[in-house]
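In the two complexes below, chain A is the common chain; its partner is chain B in one and chain C in the other.
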Partner chain A sequence: MDAFLAQLWIARWPIFDGFLMTLGISAGAIVFGTILGCIVGIQLVFAPLWLRLPFRAYVDIMRGTPLLVLILAAFYIPAVLGLSLSAAHAGTLALGLFAGAHIGELLRGSLQAIPPGQIEAGRSIGLTFPQILANVLLPQALRISLPPWINTGVELIKGSSLLSMIGVGELLLKTQEVIGRNFMTIQFYVFAGVLYLVVNIALDLLGKSMERRLGARQ
Partner chain B sequence: MNYTLHFGAVWASFDHLLGGLAIGLALAVAAVAVGTVLGLLSAFASVSKSRLLRGISGTYVLLIRNIPLLVLVLLVYFALPATGIRLDKYESFIGSLALYAGAYLTEVFRAGLLSVPKGIVEAGRAIGLTRMQTNLSVVMPVMLRNSLPSLGNTFIGMFKDSSIAAAIAIPELTFEARKINVDTFRVVETWTVASGLYIAACFTIAALLRRLERRFPKF
Partner chain C sequence: MTTTDTARPLLDIRGLRKNFGAVEILKGVDLSLRPKDVVSIIGSSGSGKTTLLRCVNLLEEFQGGDIILDGETIGYKTVGGKRVRLRDAELSRQRAMTGMVFQSFNLFPHLTAAGNVMLGLRKVKKLGKEEAFVIAEKWLNRVGLGARLEHYPSQLSGGQQQRVAIARALAMNPKLVLLDEVTSALDPELVQEVLTTIKSIADDGATLLIVTHEMRFAREVSSRIVFMEQGRIAEEGTPAEIFGEGRSQRLNEFLKSSRH
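Take a look at the complex of A and B:
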């Protein structure tokens, strides 16, 4: 244990950097994914068929492909198309596109759970469609979506570990580098696991308490 | 942007991709089979009267669900040998994925158990079945049928997660695709075909599951 603590002290900065990188990438991906997901979700419910189909295809492609494949594709494809993206940006893009599809699907479900009578009620008091969306539908749909949205955040933090395979210096890759120096395989993998656990359990608890509070209100 | 598509290089190695797909499916089937046993035990533990059993089940689910699968896979593959347990890469990956699946299936089966109507359990007890017999021949069939849709989704999820086996050099679909990508530099084509194969497989499995669900009426 002492030997591990000594090594951990030596490795504290790389691991801390990796941890920050993991949080930063996940945060970037959830922001991008949420904006994208809101657009996708609304289109999936209200767009005319010709516009709905491409969004549906996007969601199905993202949800039918493993995250690792998306990450590898985002890493290799931009270069041959003449775009230059760093590995971290490519990885965040892949995570964000993945999250966008999941959040879009989530929001679609929440929007469809609202009784259609409310749209008609909104129309009959003279609201335009954007007003109905902003004042009637979205406040309710976003509230229903909140707990599973936090769950998507947990999935993103877990998924960000896959970026170690394209050489992004996040927590897992930094841990592997440290293990390469001191060969304390079990200790450092477990330590990385504990860091992931702490963040994810905190998010999980937040989601559960929100679920309870929302459940109580309905 | 002057990239011309040439799928020839990918079709030349299409056999490898299909072989990789088969390996991924086999990994998922094995992991879900073992994971179902783990999940059933853990789900019954989670609704038992014993606090200890509930605690063990809850901790297992909490730990596994909040750790990235890749960390779990690397831990089992690289760290377990240090404790004297030697597994080859297939055993080790199936073990990790089964542990992972077991945690998700615990919740699936737990929801299934809670969905079993109390009346039929009481009916089973009333005709003189023991508690064990009631569980095995009354609760289990109903619970399994009610869990079938979620079980199917978990299976599809695990099949997609089998791509992570590429990290420990198991030649499944993602590993083969990356190899073709590096060998031929037909980047766009390779990943389009790989992704297409995954999507086709997922949709096929989903369609087969829906047929299976229709065969057995829901309780």
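Take a look at the complex of A and C:
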């Protein structure tokens, strides 16, 4: 144990950097994915058919493709097209597109779960459709979406470990590099695993407390 | 229909026709309300009462006829001889002229009683928060819920929820209030508080168009009663005429069957 702690002390900065990279990429992806998902979810429910179709295709493709394939695609395709994206940017893009599809789909479900009487009540007091969306539908839909949204966040943090495959210096890759120097394989993998677990449990608790706060208000 | 009155009608429905696909729901309805009229529409399910109300609030499209509200033709305009539905913003403006209270309350569950009443005041009338709150407080007091301003709908009884919905509609100061079977979803012991509220609003001079199954209430509150059958107005008259002697066979049968 002392030997592990000594090695951990030596490797503290690389692992800390990796940890921050994991958090940063996951946060970027959840923000990008949530904005994208809101647009997608609204279009899936309210857009005319011709506009709905491309969004439907996007969601189905993203949800039907392994995350690792998406990450590799985001890494290689822009390069082929002559765009230069850093590995971290490509990875964030892949995770964000993945999250956007999932969040779009869950928001679609939440919006459709709201009784049609809510739209009619909004209309009857003279709200325009965008006003109904902003003041009546989204507040309710986002509330319904909160638990699965947190879940998507957890998936992203775990999924970000796949970015080690394209050389993004996140927690898993940094851990592997450290193991390459000290060969304490089990110890450092377990340590990385515990870090992932701690973040995800924290996220879960945050979600539960938000749910309680919102739930208490209804 | 009263033709002797020279006052311009507040609501003038002319030859209203509405169909869902091949099914004709409204087959040419004419109905006119002057300011402060309280008109109740009675009739069996499927006679088109609720659809008529929803057309007036532009929640339904309709295929023929005109609805003229305070001199303005609502819902449609004629462009090059073709009848076209107005844009959303225009429909919203016209909808704000009427208030509607629904059978299933349709309160916004994420907002308090005050929040429900304030939403239209804030977003449609563009009032400031404090000004809107004062109006919401006034109307919630008016329906007897002054002590429930910060309650969420789930913390209120059905009767209280429906009274919040009435306050929400009236706070917008509509020219006309549409009430669609507002007591049908309520437990029997909660019906009276809602009817009493509506009665007092009618006494204050609001113009009301009511769809109801409560015959005794219709008789008490209405200046006129309309009996609808199969998408048409079959009879129309004062409560005394409708509920008195000399009514038609069909109306007789309906009234007999609706007596619980």
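Convention: the second predicted complex is superposed on the first by the 207 of 218 C-alpha atoms of A that agree within 3 Å, B and C clash if a C-alpha of one lies under 4 Å from a C-alpha of the other, contacts with A are read in each partner's own complex, and residues count from 1 in each chain.
By definition in this document, a contact is a pair of C-beta atoms (placed from the backbone, for glycine too) under 8 Å apart; a residue touches a chain by one contact, two chains touch by 3 or more.
Just so it is clear, the model here is predicted, and its values are computed rather than measured.
Chain B and chain C, once both complexes are superposed via chain A, fit side by side. After superposition on the shared chain, chain A has more residues touched by B, the comparison being chain B against chain C. Look at A:165: by the touch rule set out above, it reaches chain B but stays clear of chain C. After overlaying the two complexes on the shared chain, residue contacts for A:123 are found with chain C alone; chain B is out of touch.
Once the two complexes are laid over each other on the shared chain, residue contacts for A:180 go to neither chain B nor chain C. Once the two complexes are overlaid on the shared chain, A:61 sits against chain B while remaining clear of chain C. Closest approach of chain B to chain C, taken over C-alpha atoms in the A-based superposition, is 27 Å. Within the complex formed with chain A, the chain C residues making contact are 57-59, 88-89, 91-93, 95-100, 102, 104, 106-110, 119-120, 123-124, 152, 154, 165, 168-169, 172. Taken in their complex, chain B has these residues touching chain A: 1, 3, 62-63, 65-72, 74-75, 78-79, 82-83, 160-164, 166-167, 174, 177-178, 181, 185, 187-188, 191, 194-195, 198-199, 202-203.
Residue ranges of chain A in contact with chain C, taken from their complex: 115, 117-118, 120-129, 131, 135-136, 139-140, 143, 217-218. If you check the complex, the residues on chain A that touch chain B are 60-61, 64-70, 72-73, 76-77, 79-82, 154, 157-162, 164-165, 172, 176, 179, 185-186, 189-190, 192-193, 196-197, 200-201, 204.
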